[in-house]
């Protein structure tokens, strides 16, 4: 296998299964718990996150590559704007979320309502920022290109979606269970998420 | 005569003691504990072989697991003022299964921790029997494997191995899966004279148990067949490509917890899909994931992880495989029912 | 049409316990001094009362006329005086209006119509009218007016008439004895029904556990091009949709009627009633009913007048030897539990069954262990376990998504459930809720 | 030099911001959705119990209807008078408030008073009623499995000895229980009326007494005790309170109802009555 193909595998399988954003990096727990009560909303959220994360990866890696990491010389000192990374990334993500929100409200008011506060909260979803930052820090020959970063963003989002959909179907089942009062709701969800994370640990070492 | 009032010699039912309920008014006589204890019986051959090869140590592990499972179950019931449930046999099954998934020399406190994970964390927190989305014994095994990897991946040699190889060699001997391909003695694996968890070594005993389950229709045949079949196919292909790195499918099937998992854990009714179609998907998923983890993953054994992962997928599979009713007609679009 | 019956998916094999009464010949029940005829005995509109308190009626006289097309008239079971129009315990546990008749012991005949001797040449419409006038309903259990099934709407072609002699319910032997003892009448009724539908032939479906009845029917069937079709023993073989599938291989679509697959199904007892009404001019005022169960002293099959109180029927059977846990109208799988002995024999009462406390099925709300047995046995291929959990959590919309309406309430799922869950009641409940939601929306 | 660097940072960040802003602006125009902010404000003023007592799907649907002037704020049975007035004044419309109504379960047949058969099945009225009519001796009485109590979002219905008892002071009149009762036992009555007949059986007195100790046998003692005032109305074999002209609580004492079917709501809620054997 060439280096690129093997890195491609690392990026895809790694992001979806092995280093799953939710179940192994524990990023994006807020929407993971918040919008996983129903499979339908979870699917909607997954779509939104895939959209935002892929685009955010693309846009920010472009900005990062062609603007922020470009060295320039001012008064004999070589400098770059890397220190602006976090700021710019957040601006990009926030605008993308805003876009999704505006479009969704028009296209599917029902989904918009059921996602509620968690839609604007994608902005602060650490999974998205984490993904973008990981892209900016990547050293691999593939991931450090803008298309590699986009693939990584997409796969991470798919991993997030996978975890979210699995978890929401489990929670729909938990809805029917007679969970002891003290453990109802978030408590039992966290227990379930923990066991789910244990199951995902089986993938470790695959890539 | 008919004109007279009923003669006192004719006794009629007392209406006040008649129960009203919905039909049907007969039942097949099947109940949960009967099912559960049949499963226990089906596990006994494998346990017996484990005890034969590993000796008293195996007895202690099985006992410690079963007793602590029952104690945790009853303790929880008492604590929550729920009716006693150990008699339905599910806690006993969990205990024995957990024991079978442990090394014969496992310390007692590990058994107790496992029982806690299984009964309290994986079962009672979700509302008890029937509501747990994950197989309790598997949660315990995987939990212990992650938490105590050293303890969970060293195995006692069998008595027979000690006598043939000598104590030192026997202790350092590898499990079949960890050996170099082509050096595995298939016959020893069939009878169970290899290293491994105490209940998973003997293929023959497990097959007998599986046959019992199938005969009493306690499991769906689709699950073990799809599970074992897909492992055979995938490992077979890899073996054909490169026999020096990859074991033959026979070794894969007979080694590790595959048979135990395929017959006793993947088939757990509560955590596997209900329809036949779902069962096939479930078995295939288990098989594929087990093969992938065994061939390329960092853990030597993928059965527990794969079943646990498929447990998580079960609600989705159930949703996808809702069967069409007899005489089903697709609802016309646009027509409001 | 092949001679080999198809096997429908699912089904259960409860121990049939038919031996208790299968060898007991049908006896005519003696005349009582009092009958209570429940007004509304059919599915559809209740009939309209024609008599009042104090009226003297003759046996066979009209008590009430049909209250619409899907409704049948009611006739006096014997001669006597109408002592009251009052409530009496109904089969569903709610008191229902009934006509109380004090018999005069004369049993004087006053038939509303004459026999049609030459029925082969009688127009189909007239025969159909006779079936209606005689007040014949589906005597297998549902009580659906027979003439309605015989009147396919314009454009609906019928090519198969099936007589239901499956009697798949355990314990019940009334149809079995009827087919054995009155095979000629069964076949005659089949021929008349076929003529009404403009068909040449008819099929009688019988479960294989009644070889004597099959042999007897085959002996006489040739006379009218009636075919006897033995069916494998599998509950619910006698359910309309399953029976049609077994015999013709056609699936009745959910929410549709046998008519939609060109079939008409009638119970064998209804066929005998048709034969009686046409050839002998006797309206539907009696029926063969099995009185049975372990607690019954001498189980057997009797020909009761409609309106016979259950207490009297049980007395005929010698009373009980032990207190039963349940008293049922109908068989153990689909029968209705009673809490009163005041209910009377109706046109669709195929059995009076006492269930002893050691064989009774009581329900508990143990959790579902998802064993999937209910899914295996469901003859309608729905998911009883999932629907039941949905209903338990009042998720009726979900139950509807899972096609709970397809359920025929045969009870196979509850029969096999190791958790003893009240599955069947869940489905009934869901259907009621879904129907009422639909009504609210249409309002 | 340093300044230049700062300016470059600011400008580049600014350009990115402006670009994104323009994109958002364009998209927002293209996908604009109109929202009436008054709806949100009205919804805030509503109780948010989503009980559906107003006849709409929930508080937000009701808010929409109120703003569209398809419903009057007073239709919300839960809102206090002040809340209704607030909403009305905010929107500048009529409050349209009606009389306060509470639910009444027209049955007093608890376990000790009414004959029941042994029922084995789902513990829910709506489900029990499909089996043997609920297995209660009286075909019209409360089944006692508490479907109404479960439907009440305000905990105003107590299940006591197999009988649903409304606590009038907790009841807000949302009518959720009314549709739930499979026996149609629950009616809405003015909260001002205190005396009710806790029986709903149209059967003859003798038939009722066979199955229930607290049935109204239409003896008319209460009708007579209320004199010419027409506080109580006779309807077949049943007496009903005339809610147009309700009697005072003294009537119960004065009429000495022989079966205690006539009760004062508050005392009934406090469990101060017992049935009377024949």
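The first chain written gets the first letter, and so on, giving A, B, C and D; residue counts start at 1 in each chain.
Keep in mind that, in the parts below, a contact is a pair of C-beta atoms (placed from the backbone, for glycine too) under 8 Å apart; a residue touches a chain by one contact, two chains touch by 3 or more.
All of these numbers come straight from a predicted model, not from anything done at the bench.
The chain with its Cα centre farthest from the Cα centre of subunit A is C. By number of C-beta pairs in contact, A-B leads when A-C and A-B are compared. Subunit A and subunit C have Cα centroids lying 62 Å from one another. A straight line joining the Cα centres of subunit A and subunit B is 35 Å long.
Here the spacing of subunit B and subunit D, counted between their Cα centres, is 50 Å. In whole angstrom, the spacing between the mean C-alpha positions of subunit A and subunit D is 46.
Counting partner chains per residue, subunit B shows two or more touched chains at residues 15, 17-22, 127-128, 131. For subunit C, the set of residues touching two or more other chains reads 93, 336-339, 362-363, 367, 422, 425, 428. Within subunit A, contacts with two or more other chains are made by residues 176, 178.
Interchain contacts join each chain to each other chain, per the touch definition above.
Note for the complex: subunit B touches subunit A at residues 80, 121-122, 124-128, 131, 133-134, 139, 142-143, 146, 289, 292-293, 296-299, 302, 304-306, 308-309, 311-313, 315-316, 319.
If you check the complex, the residues on subunit A that touch subunit C are 175-176, 178.
Remark: subunit C residues 8-9, 12, 14, 30-33, 93, 105, 170, 241, 245, 251-256, 295, 311-312, 314-315, 318-321, 323-328, 330, 332-341, 354-355, 359-363, 366-373, 375, 379-383, 385-386, 402-403, 406, 409, 411-412, 414-420, 422, 424-425, 428, 438 touch subunit B in the complex.
On the subunit D side of its complex with subunit A, the touching residues are 1, 4-5, 8-9, 12-13, 16-17, 20-21, 23-24, 27-28, 31-33.
Within the complex, the subunit D residues that touch subunit B are 117-121, 130-132, 135.
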